[in-house]
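Heads up, the next two complexes both have subunit A, just with different partners, subunit B and then subunit C.
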Partner chain A sequence: MKEKIMLVDVSKCTACRSCQVACKNWNELPADQTENQGSFQNPPNLNPHTYTLIRFQEVEEGSSGIKWHFRNDKCYHCTEPGCMKVCPVPGCIFKTPEGAVVLDSAKCIGCKYCYHACPFAIPQFDDATEKMYKCTFCYDRQAEGLIPACAKACPTGAITFGDKDDMMTAAYARAKKLGGGATVYGDRVLGGTHVMYVLTEQSSVYEKLPVDPKISLSVVLWKDILKPLSMFSLLGGIGASLLYYITKGPKRPTFEEGGEKHE
Partner chain B sequence: MNKVTHSGYELIEVTTAFERIVHWLFAGSCVLLFISGFGLMFHWMSFIATLFGGHYALKYVHNFSGLLFALSGLFAVIVWFQEGARFTQNDIRWFSKGGGYLWTKEGVPESGRFNAGQKLYYVLKAVTWVLMSLTGIIMWFPFLFGRFLVTLCYPIHVLCVAVLAGSVIIHLFLGTAGNPGTIQSMLTGRCTRAWAKLQHGKWLKEYDEKHHA
Partner chain C sequence: MTNHWIDFKNSDCILVMGSNPAENHPVSFKWIMEAIEKGATLLCVDPRFTRTAAKSHLYAPLRSGTDIALLGGMIKYVLDNNLYFEEYVRDYTNASFLVNPDFKLPNDNEGVFSGLTGTKTTEGYVSGKYDKTTWSFQKNPDGTTKKDMTMQDPHCVFQLLKKHFSRYTIEKVVAITGTPKEKLLEVYKAYTITGSPDKAGTILYAMGWTQHTVGVQNIRAMSIIQMLLGNMGMAGGGINALRGESNVQGSTDHGLLFHILPGYLKVPTASQTTLQAYNEANTPKTDDPKSANWWGNFPKYSASLLRSFYGMNATLDEAYGYMPKIDDGANYSWLPIFDRMYKGQFTGFFAWGQNPACSGANANKVRKALAKLTWLVNVNLFDNETGSFWQGPGMNPEEIETEVFLLPCAVSMEKEGSITNSGRWMQWRYKATDPPGEAMPDGEIITELFYLVRELYEKEGGTFTDPIFKLTWDYGFKLPTGRIKQCNPHAVAKEINGYFLQDVEIEGKLYKKGTLVPAFKFLQSDGSTSSGCWIYCNSYTEEGNKAARRGTADPSGIGLYPEWAWCWPVNRRIIYNRASVDLKGKPWAPEKAILWWNPVAAAWEGDVPDGPWPPLAIEGGKYPFIMKPDGLGSIFGPGLADGPFPEHYEPLECPIEKNLISPQFVNPIIKRWEKDGVPELDLRATCDPRFPIVCTTYRVSEHWQTGVMTRWTPWLLELQPEMFVEMGKELAELKEIKNGDRVIVKSARGEVNAVAIVTARFKPFTIADQIVHEVGIPWHYGWRYPNPELKELRSANLLTPSIGDPNTMIPESKAFMVDVIRKEG
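This part shows the complex of A and B:
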């Protein structure tokens, strides 16, 4: 099994939202009744039954008026996923050899740790089922030799999917060809993400796209330092007590013959 | 004054029934929280989840024993505040002798109803009670608070675990096998005079002044 990359070339995206529909179709997710929020972005954000979304961003440009940025957003499938680091249930969040980070919602207990541990705040909580949901990288399709539904449905080639080496080469070649401020996003963050972008501008231009996403210091402190320390403390307490008992022994009261005199 | 002879076996009441109820509610919640918390924190301890009917059930065991912890802890912190939070010169001398437990048995000052070590344990419990309850509630409802605050709560919660795990084990040891007779103070509330003389000499003197003057 080779590591795979999904490359999202925002310069080719026409915001047709085929990816959104294909995702709902494959994952059997219901449509959302939404309200007009003054944007074509619909639904307004990722939610428990919307694993992928085209973000519509309007940017004002001096003479020519307005420019659109269309960006397909979803789970980035990090090599070092924050969600998996904090999940308390074994096997609930797991990685596949291809690079998918899968959240098995059936096992989810709704602790919501993953939401805040994810640098992109991707996992979405469903109040009805009390479980988290997110993009699965279509790992079930991949297991059958199919490419993810969104990539399959994309009519313009904005979403492509393939072996890591090929996609990396393609990403940098495309960014170079686009020129200007075009950049590649994803390979240098969180151990390398399996969803990468070719952006036409600096990553800071895009909404909801952290320039330097990191697993927060709190999570690192929690899971890498304090968690082992608490086990050390528990075992240390047991060890110290046992050692004390067998070396110094208990402190026993003495019961004097005939009782104690007291004035 | 009349001379009174006491047997070392004579039982005297060291704690009130209310104190014992508060103690066991607080202690029971702590034990449940430790077991469920470790079961949630360490994947290899999943057998704990199995025992309670799965991780989902274990989460709620943790959350609701947390509520009991917060409530009983409030009473515990109040009930023992007078004795637990007030350190004296005597306590500093007690610490300097390691309470007679470690490097010397000589020159340990007699203690009141709480010795200096117990006071230290009170302070640890009081501080972690506040931190655990606050961070626990925020972690239970993470969508009601900002990301920064919520993520700050995780390490604080587990820092308290690290502080408490060892202290609670030592508290258990010192209250049972380490000091025979002590557990009675939290069961029937009545201990022997010989025990009181050894463990809380100053308190015994005050007790006698009050009861046999």
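This part shows the complex of A and C:
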């Protein structure tokens, strides 16, 4: 029942896509009919049956230098998940002690609040079933003492999985060894994410990776302020009425208000 | 490979050239990453910035087809800067040998070696042939080879090497390859540090080197570098071919190519009418007591092979008489096969586990050739472009009379057996599930065919039936009829290992009839032993099925894992390992020692030594390269068809008008098909304004070969759904092509539809002051799936030329000329 971290070390990723295929294999997800849109990246984005994706990004440097970044993208399994905060269905999104944030699609009503509340835009809506889907952190495999499918399949050790303390130590050591601007990503946001990265460059370089991911102010205002306030007001209003009824009783007609006219 | 996959982690410098391991051998990258973690440098030389380049410390671009220029420059760099490992070169190679004074280098001979006769044209020699008499060594009166151990004599191999590569200056190399000068020097500097005795450099190569008209010489060039730097036989060194199929190593070992029998025995020729003549022609001799000359044992292996086919049903001489022979000098490889097929010279064809309509160079010629057959048997998992050639694009089924059979076969998980990987490791695999429907394992299909052919001969008679009737077929439990019930892979594996066919006494020990031979040193030339493949003798013995072992102990610490599966020969994980120690048997690199001589015990310790003899400094010691008649590494290699040294020649189709190194434009001895082949199909367009762009072909992680398995796997097709062409931004702008546009790529021989991937990873080359663009295409696609109704042209080989390397005939699929045009509408 120890807290777990998945570490994605982009320096070791060769974009072989074993992770993408292993995930589909384990979760029995169907393939799409895709088109080549001028990139190796396919499907082009996460979707209801693509829970993880390798993002390909070319960055030119100077006149002849080039870098080709490969980043495995999936749900970050936040300690303070925006999706769970806004989900109106009790038990539809829940956390496990290991850190998985699981979206039980069967219970989902398709309101899409979770998509809007997620700083990374991870949960995906399926038009056919009208439900949301995302990575489960293979919590079902974890329950049997197995590691997530993507980590198991990765041939170079770009994706590793283990106890939180060990993984945090490994992440910082790796970033230090890599040097040259390498950073750790995920530990300082949203209460700490259970999918963390060792990036070879500053996070601002990477596509679809917010530098400072936060749950949006509107969600915070709504859920943390307005909702309690309105609940307070509602209960307060009822409570005040009740108090008045008890102390002052119901309003009764006075002599001046009822009967004949007073001259 | 001389080494093996896990051994990469021991390297100090990994050169990836002519391959792309991150994409095509993704699991191997685990070992490459381990080497990097230990401080190794990863160098990547490729026309295009690949997924491997993305992980490399240093990437250098080069124009497809110019590898010898770059490697030649490296050889010159090593020699000019004295970076070679002198002791190793002097004691373990033929660098000291004195060459025939009549031998001429291309420097003094119009770009060719001495002894060439051929037609002289403006391009130099064409359709040439070499008389190799001058490619020989000087002899002492007693017949031994004349040597100069100081390596100073102008006729010695070392000095000739220097002279030959003196022309490969940095400026010349840059002009030919298009590699920027600073990058070139960085590569040279980084790799040649492995000339230090305790450092090892390795080369990982694949089709990017072999599929050229100078393919074999590409690898020769690197072999010379590896010998100069003392990297052969070292942990983390060697010459490492990354093979393209999981069991192609096994296929080659068991003689599936026309010119060899199992165990790399040469196939007999028509003029070798007796077993004795055959053995004599193939058994080298040496009079140097320090040379092990292991091929001197040839007659033991040929006799044992014949016994494995015919058992005691025939004498050895009779059995030899049953063996098919090739006409002297004839070539029955891929390109000649389809040429003859097109000319109607074949009645039938088994396309067994292959898809020539997509995998054959000049695929239009292949597809048309299939239409000339009377029958075609397509053994495969799914129907494909070959089995359905008759309904492919441009085909009119009404006019085609070929009868086509599809025999569905089992895939690897549906049958038991072994697979031999690039590292020579034979690993046993188990059956996970039954094949679907009527699909059968290949062994069963062949068994059925054998019995049916034999029955037909029994019923109808025929010419020379003994080769069929006398065959043994002992691959499993026999029914009362004499037929085997089922083809048992264990029985096959045991026959490959070999048996004693009678009681044999060897060095005082008796080996009983019917027992398995422990190792190939026990095989006999008198017919008392059998072995279906001598290099696999030791794999399945009385101790059991060694290929099935899964021991994880690694006492060496360098990843040898001697108890995991089994490798040939005799479980020696790194071959030529006698070169990893000095004359006294002390390792050059103690930190990654493979073996060492224990003087007290007077024995080797560590990996299986390349022969038990002591090191050279001790009485009875032998040279390290035991498979060569003289026991030494060949820096001068007279055995190859096109020269004892590699020389840069341009590909058959190239973007410049002449070879900048010499007046000889293209390899002088390659077989030219423009006249002898099918002139209207075997077209060549070099330096042709219609096709100004260099094109190369390659693979992606997500697909395999012609895609017959992977296009039919939805999760893989989703990742890489369709044919594409990668091109640089500069070229795209010239052609008004945007990323994602649909385009046509065409060559003199055909055209394909593709999606354009416009990328910064392909940059134009400056070749002799001329801007040259290059594009690249994968060869995984074909019309049969998906969307067969479109009958779309998608196969890269529709563009490639039918021209092959003069040693192997492997087609030059990696460098030819095309044009790319945006598709309208």
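One rule holds in what follows: the second predicted complex is superposed on the first by the 238 of 263 C-alpha atoms of A that agree within 3 Å, B and C clash if a C-alpha of one lies under 4 Å from a C-alpha of the other, contacts with A are read in each partner's own complex, and residues count from 1 in each chain.
Basically, a contact is a pair of C-beta atoms (placed from the backbone, for glycine too) under 8 Å apart; a residue touches a chain by one contact, two chains touch by 3 or more.
What you see is a predicted model; the values in this text were computed from it and never measured.
S.K.: Just to be sure I read the superposition right, which of the two partners does A:25 touch: subunit B = first, subunit C = second, or both, or neither?
M.R.: In the superposition, A:25 touches subunit C alone.
S.K.: Examine A:34 and indicate which partner it touches, taking first as subunit B and second as subunit C; both and neither are also allowed.
M.R.: A:34 contacts subunit C only, not subunit B.
S.K.: Pick one for A:42: touches subunit B only (first), subunit C only (second), both, or neither.
M.R.: Second partner only.
S.K.: For A:244, select first, second, both or neither according to whether it touches subunit B, subunit C, the two together, or no partner.
M.R.: First partner only.
S.K.: Quick one: classify A:227 as touching subunit B (first), subunit C (second), both or neither.
M.R.: Touch partner of A:227: subunit B, not subunit C.
S.K.: Which of the two partners, first being subunit B and second being subunit C, lies in contact with A:254: first, second, both, or neither?
M.R.: The first partner, subunit B, only.
S.K.: Is subunit A touched at more residues by subunit B or by subunit C?
M.R.: B
S.K.: With the touch criterion stated at the top, can you tell me which subunit A residues are shared between the subunit B interface and the subunit C interface?
M.R.: Common to the two interfaces on subunit A: nothing.
S.K.: Using the touch rule from the top, collect the residues of subunit B that touch subunit A in their complex.
M.R.: 1, 3-10, 38, 40-43, 46, 55-56, 58-59, 100-101, 142-143, 147, 150-152, 154-155, 158-159, 161-170, 172-173, 177-181, 192-195, 197-199, 208, 212
S.K.: Tell me, which parts of subunit C touch subunit A in their complex?
M.R.: 22-23, 26-27, 29-30, 33, 49, 51-55, 180, 700-702, 714-722, 724, 738-741, 755-761, 763, 786
S.K.: What residues on subunit A touch subunit C, complex-wise?
M.R.: Touching subunit C: residues 11-12, 14-18, 20-21, 24-25, 30-40, 42-43, 58, 60, 64, 66-70, 155-157 of subunit A.
S.K.: Under the stated contact criterion, what part of subunit A meets subunit B in this complex?
M.R.: Residues 86, 88-90, 107, 109-113, 115-117, 121, 125, 216, 218-219, 221-222, 226-227, 229-234, 236-238, 240-241, 244-245, 248, 250-256, 258-263.
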